[in-house]
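Structures for review follow.
In the two complexes that follow, chain A is the common piece, with chain B as its partner first and chain C second.
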Partner chain A sequence: MNEFFAQLVASLPSNLRILVEAPIFNVQLILDGLLIGAIFALAAYGMALVWGVMKIINIAQGEFVMLGGYVAVIFAQNGIHPLLAVPVSGAVLFLVGWLLYRAVIFRIVEEDLFVSILATFGISILLQQLMNQVFGGDVQIADAGLGTRFLFSGFVTVSDVKLVSFVLALALGGVLVAFLRNSRLGQSIRATAQNARAARVLGIDTGRVYAATYGLNAAICGSAGALVAMAYTIHPYIGLPYTVRSFMIVVVAGLGNLAGVIAAGIGLGAAENMAGFLLGAQYQLAFVFGLLVVVLLWRNWRLKRKRQYLK
Partner chain B sequence: MKYLLKSSLVAAAALAVAGTGALAQETVTLGAAVSLTGKYTTDGEHTKRGYDLAVDMINKAGGVKVGDKTYQIAVKYYDDESTPATGAALAERLIAQDGVKFLLGPYSSGLTKAIAPVTEKYGVPMVEANGASRSLFTSGYKYLFAVLSTSEQYLSSAMDLAAEKAAALGKKPEEIKVALAFENDPFSQDVRAGVLDDAKRLGMQIVIDDQLPKELNDMAATLTKVRALKPDVLVISGHAKGAATAVRQISEMKVDVPIVAMTHCDSADVVAKFGAAAEYTLCASQWASTLTYKDNLFGSAADFAKLFNTTYNYEPPYQAAESAAAVMVFADAFQRAGTLDPAKVRDALAATDMQTFYGNVKFDETGKNIAKPMVLFQVLKGEYRVVAPTKWAETEAVVPRPMMGN
Partner chain C sequence: MKLGNYDMDKRLAGYAAIIVIGLAAPWLFPGYKAQMTELWLFIVFALAWDHTGGQMGYNSFGNVVFMGVGMYVCALTQVGLFYSIADYTAARGGGTIFIFDVPDFLLGLALGLPAAAIAAAVVAAVLGSAVLGMRGQYFAICTLGLGIAAGEIAAGWEWIGAGSGMTTPNPPDGLGDINRFLYFLSAALAVATFLTLRWIYTTRLALAINAVRDDEDKAEAMGLPTTRIKVMAWTVSAIFLGMAGGLYGNLKKFIDPVDIAFSGATVGVWMVLMAILGGKGTLWGPVIGAVIFQITKEFFWTYLLGWQRVALGLLIVVIVVFFPQGIMGWVRARYPERFGHRVEPAAGAKGEGARP
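This part shows the complex of A and B:
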């Protein structure tokens, strides 16, 4: 541990100097962070949806991402372009989410938050082991066969597949907002989120709304997963980082605030990448957790001030 | 399933042959807990197949002569579910309940670490082929023997190659800058310790020393640093996912480093997955079928590869080769000991000095094999070619690798 700390102290100033003397690398880091941040934001938005509507913290979030990734892998292995897997994995995962709701989740909707965490944690382990049995523990990728483009006379590189996944992630977010705002089901979902009892009184079948919400969340994650398999790598145990970051983003942005979720997601991606560069990759995830603590403290402090003001 | 059927047929045939023989032979049973389910399933299977193939060959050749008796070899397997605790419990069961006096190792350092205290407690010799972690050999175990090279040797040949090729890079060896990216797990950190020692020995400078988290599938931050600092050598170890992530992102981000070396490229199957992007990558390996080692049982390394391929329908990964070698080491020790007394067999094992198709085997006092170097492949035109150490090189290493440039 001491060795790590000494190394950190030794390398931080020199890493910082690179960024000051060659600022172009800031652009590279932030760009890479923005691109993965959009995918984090998608998964986080799904989590916020389920949390807000059903009062469930879905620990299996990352596993839905992983499942979606495997759909893209299957596509690529059978010679179908993995970009086509983005909508298909959404559809497949909607079904998975719906079935999981009918089998397990409906029992825990009205229960304590702790029960929902335990149950979805169980689901996440189940899905991990299942995929390990089916596909083995090895890393998989879905090669989209796109190139790399150079910016700033070659100093900054951006792979096309990351760019495409960024655009698709934003588009998907947009579609989702329009859906929730305008469609009948979207309105029912929002009504249920506001007041489930009142929604039931007004004739909304909240059971169906819950099932659709959970399915929708799985679908978003599934599509995000297809993008992950194309731009990064997946394996059965890749889920946890996505769950953790989703949680972090939702805590920062709050429920029912898409703009906030996207901003927090992209910001987290960029901040994390900068931290990875400056502190070393070993502190990248530690940085995420550290940030979470800071945000919670700050919120607590702000709330306290508010209360005093009201007094 | 198909394989199970096949192996049971082989077993049945072997039984039939033994049954019809005028003299019924006795059997010496080795025990093994290997991973047939869980995260090490694939490698566990390679391990088991290596054991099975060697046992089969030895039995076909008439068995092992111990003193004036000849024995057939059998292996009693349990599935350790890739969990260390289960592995330890199964070792206990093999020894205490099933009365097995000799153990073959499991797959992975973690499992071996869990089982070694048990075999030590009962004084049961264990020859293992898939636990490379350095810490296995610093605990003073007397009954543990490993046929493979330990993890701190994995990338030594790559560092030596960098020193040899320094002139081609227009530098002196002590001007070579090295970047390290290693996963934060016991195995990769062992590899890292070895590379740090090599760098010190060769007088090279370490300019980046990043430790990758276990769940990482994005190395963008580390690779940006590599582009900024322009090292001459980039060494990476993070199991199959580390190799896959690195190959993909090095090519996508066009990170130009003259020498890129890593572990696990073969298990990540980078050639099939990434094609041209994997070109010129240097990969550490325990064994290659093109090496010129020989023995009386399998013949050459190539003969082993051929036999394995006809039996199981795929090229043998080194995990299978080293596992087969472990069985041969046991057979050799039985013969030299002239008895099946565990303590005597242990002493015979300690005195092992032999060549197998997999490489030379000679243990130092800690039980690790000091007679076999690691080899280094380079991906050239989509094939793994041995480029170091020089003695076994099929072809010259391409250093520096061509720039992907812009």
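This part shows the complex of A and C:
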């Protein structure tokens, strides 16, 4: 039996063999995935917010992450600690989101979803190219100057900055949820999500609520982006994968399902890391976009089954 | 009757003028042959996108998949007929020189373009039967994912050159001006696409396609095989996209998997934009949109050094947000009588009610 197992392992492709023979690598991969998964979840929660309240699928989601990252990069380049950029990029991006709403988005809130997808796609291309023009296409990082920690007698390494970003991402999510539950603005956002017309009748300025929602979403993504720039890398074209991840997480978890969003985000992070290791890093993005197709097909299949069941 | 004949004459004169200008253009504007070739191909892209996007209501961001597949299949056929593809992509400009003489090149294109069409059609049929069950925004984002996933896969595939791409065969000297050659091929393809779609839009298939756009559930309830119709329509556009992709690759001379072949964020959006700019769901709309877009794009590229892509992003937002009905839609709302709509005075005064 043991011999059979050994043969089986030997016949595996080398990447997979490492995972079987040195299980500690799984821990490393999953841990890395878990740490970045919290950031995915944060961006996804913002997307769900905009989707739920404004009925807009915001393709520029990833670009807000990217912009936030550049705020952190500017901080680091000027000798300010990038951790301070987390709140600042949130504030800057809130402004960006608010302005975008007042300039463009308010015209498409009432339109059908495809118009919103195409318009925000245009915004996303605009922001990408703008940042490419201003900062160049190179990969950048905001060095936080934190150390690395070794676990399991050195087999698993975790950089402190990733841990910090994980904790901060969860904390930001918590603050956001508390804000939506308790504050006056949060309550009007939730009321507008439930029924915009009724909210308007009851005296809520839905235009202001939409602007705040869009700005809030941009702010969350901006802070997440600052974390990404510290713990990982950013470049102008990083946005679309983040958008697609957010979309996927929202589709899997559903709108307004916080626990689901966190679980799906962390799961996606882990799955992506495993896939990147097994298929090779050059296929990691192909995996993300392929997974999107699979997730949507799965959703469609489930809906179809339900429809037949109801019949 | 008289009026009809007069309209017919005018229409024929219009077509004749377009053909004359099209034939004379390479000599009239010798410096812009590549751009004009690109324009003909963009017309094909826009028309093919509109066939499913405008007429059927399935807005795809993933039509670049068919373009990219066509591009690669055509180039691989052109090379593979005479040399080993692995050697060709491995050489990558240095070392061995691969020579294609005139018959080689012509044979390569003559076999490569049909192969591209077939490959794209097969991909469309397979992907379509899986993906076309989705509705609205899910379809749009799924196709966006398909386009980018295809690019990432091509960028990892060593046999076709992986991330460093693949050059198309060097055109032989005996062929004369290669850009003029490609210009006429592209123009012929665009005209063929236009005429085919014009014919399709007179058949029952077009009615079925429009029924899917207007209310898919009702169409299905009335007994239309909606899935088959959708897959068929997507396959038809893929055939043209595939061939246009094959020519586009030869025009660009170099196939980059992410930036040229499966360029979801450039050509993939541009084809949507061209159709919207001209007017979705009309025959002439995509053609007009492609012409205006290509002129604008080249203008940006010439005068906005470095900032052209930023300006183009801005243009997308402006068109989608402020001008979603497109030129044909605007004309139709303005002069509904010319489109055969009878206008009630009250409805006509508002400029509404003219839309079918």
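Heads up, the rule we're going with is that the second predicted complex is superposed on the first by the 272 of 311 C-alpha atoms of A that agree within 3 Å, B and C clash if a C-alpha of one lies under 4 Å from a C-alpha of the other, contacts with A are read in each partner's own complex, and residues count from 1 in each chain.
As a working rule, a contact is a pair of C-beta atoms (placed from the backbone, for glycine too) under 8 Å apart; a residue touches a chain by one contact, two chains touch by 3 or more.
Just so you know, these numbers come straight off a predicted model, no measurement behind them.
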Margin query: By the touch definition at the top of the document, which applies to A:N257: first (chain B), second (chain C), both, or neither?
Written below: neither
Check: Just chain B (first), just chain C (second), both, or neither: which does A:G154 touch?
Finding: first
Check: Of the two partner chains, chain B (first) and chain C (second), which one does A:I234 touch, if any: first, second, both, or neither?
Finding: first
Margin query: Looking at A:V293 after the superposition, I want to know if it touches chain B, chain C, both of them or none. Which is it: first, second, both, neither?
Written below: second
Check: When the two structures are overlaid on chain A, which partner does A:L285 contact: first (chain B), second (chain C), both, or neither?
Finding: both
Check: For A:N15, is the partner it touches chain B (first), chain C (second), both, or none of the two (neither)?
Finding: first
Notebook entry, point to check: Which of the two partners, first being chain B and second being chain C, lies in contact with A:L126: first, second, both, or neither?
Noted result: second
Check: Is A:I57 in contact with chain B, with chain C, with both, or with neither (first, second, both, neither)?
Finding: second
Note to self: Quick check on the superposed pair: does A:G137 touch chain B, chain C, both, or neither? Answer first, second, both or neither.
What the structure shows: first
Checklist line | chain B and chain C footprints on chain A, overlapping residues | finding: 132-133, 240, 280, 282, 285
Item checked: chain A to chain B touching residues, read off their complex -> 4, 7, 11, 15, 18, 22, 25, 28-29, 32-33, 36, 132-133, 136-139, 141, 143, 148, 150, 154, 157, 159, 161-162, 228, 232-238, 240-241, 273-277, 280-282, 284-285
Item checked: Complex contact set, residues of chain A against chain C -> 57, 104, 107-108, 111-115, 117-119, 121-130, 132-133, 240, 244, 247, 251, 280, 282-283, 285-286, 289-290, 292-293, 296-297, 299-300, 304
Margin query: Help me check something: in the complex, which residues belonging to chain B touch chain A?
Written below: 37-42, 181, 184, 209-213, 215-222, 224-225, 227-229, 240-241, 244-245, 248, 251-254, 267-269, 273-274, 405-406
Notebook entry, point to check: Touching chain A in the complex: which residues of chain C?
Noted result: 59, 61, 130-131, 133-134, 136-138, 140-142, 144-146, 148-149, 152-153, 155-156, 162-163, 265, 269, 272, 276, 306-307, 309-310, 312-314, 316-317, 320-322, 324
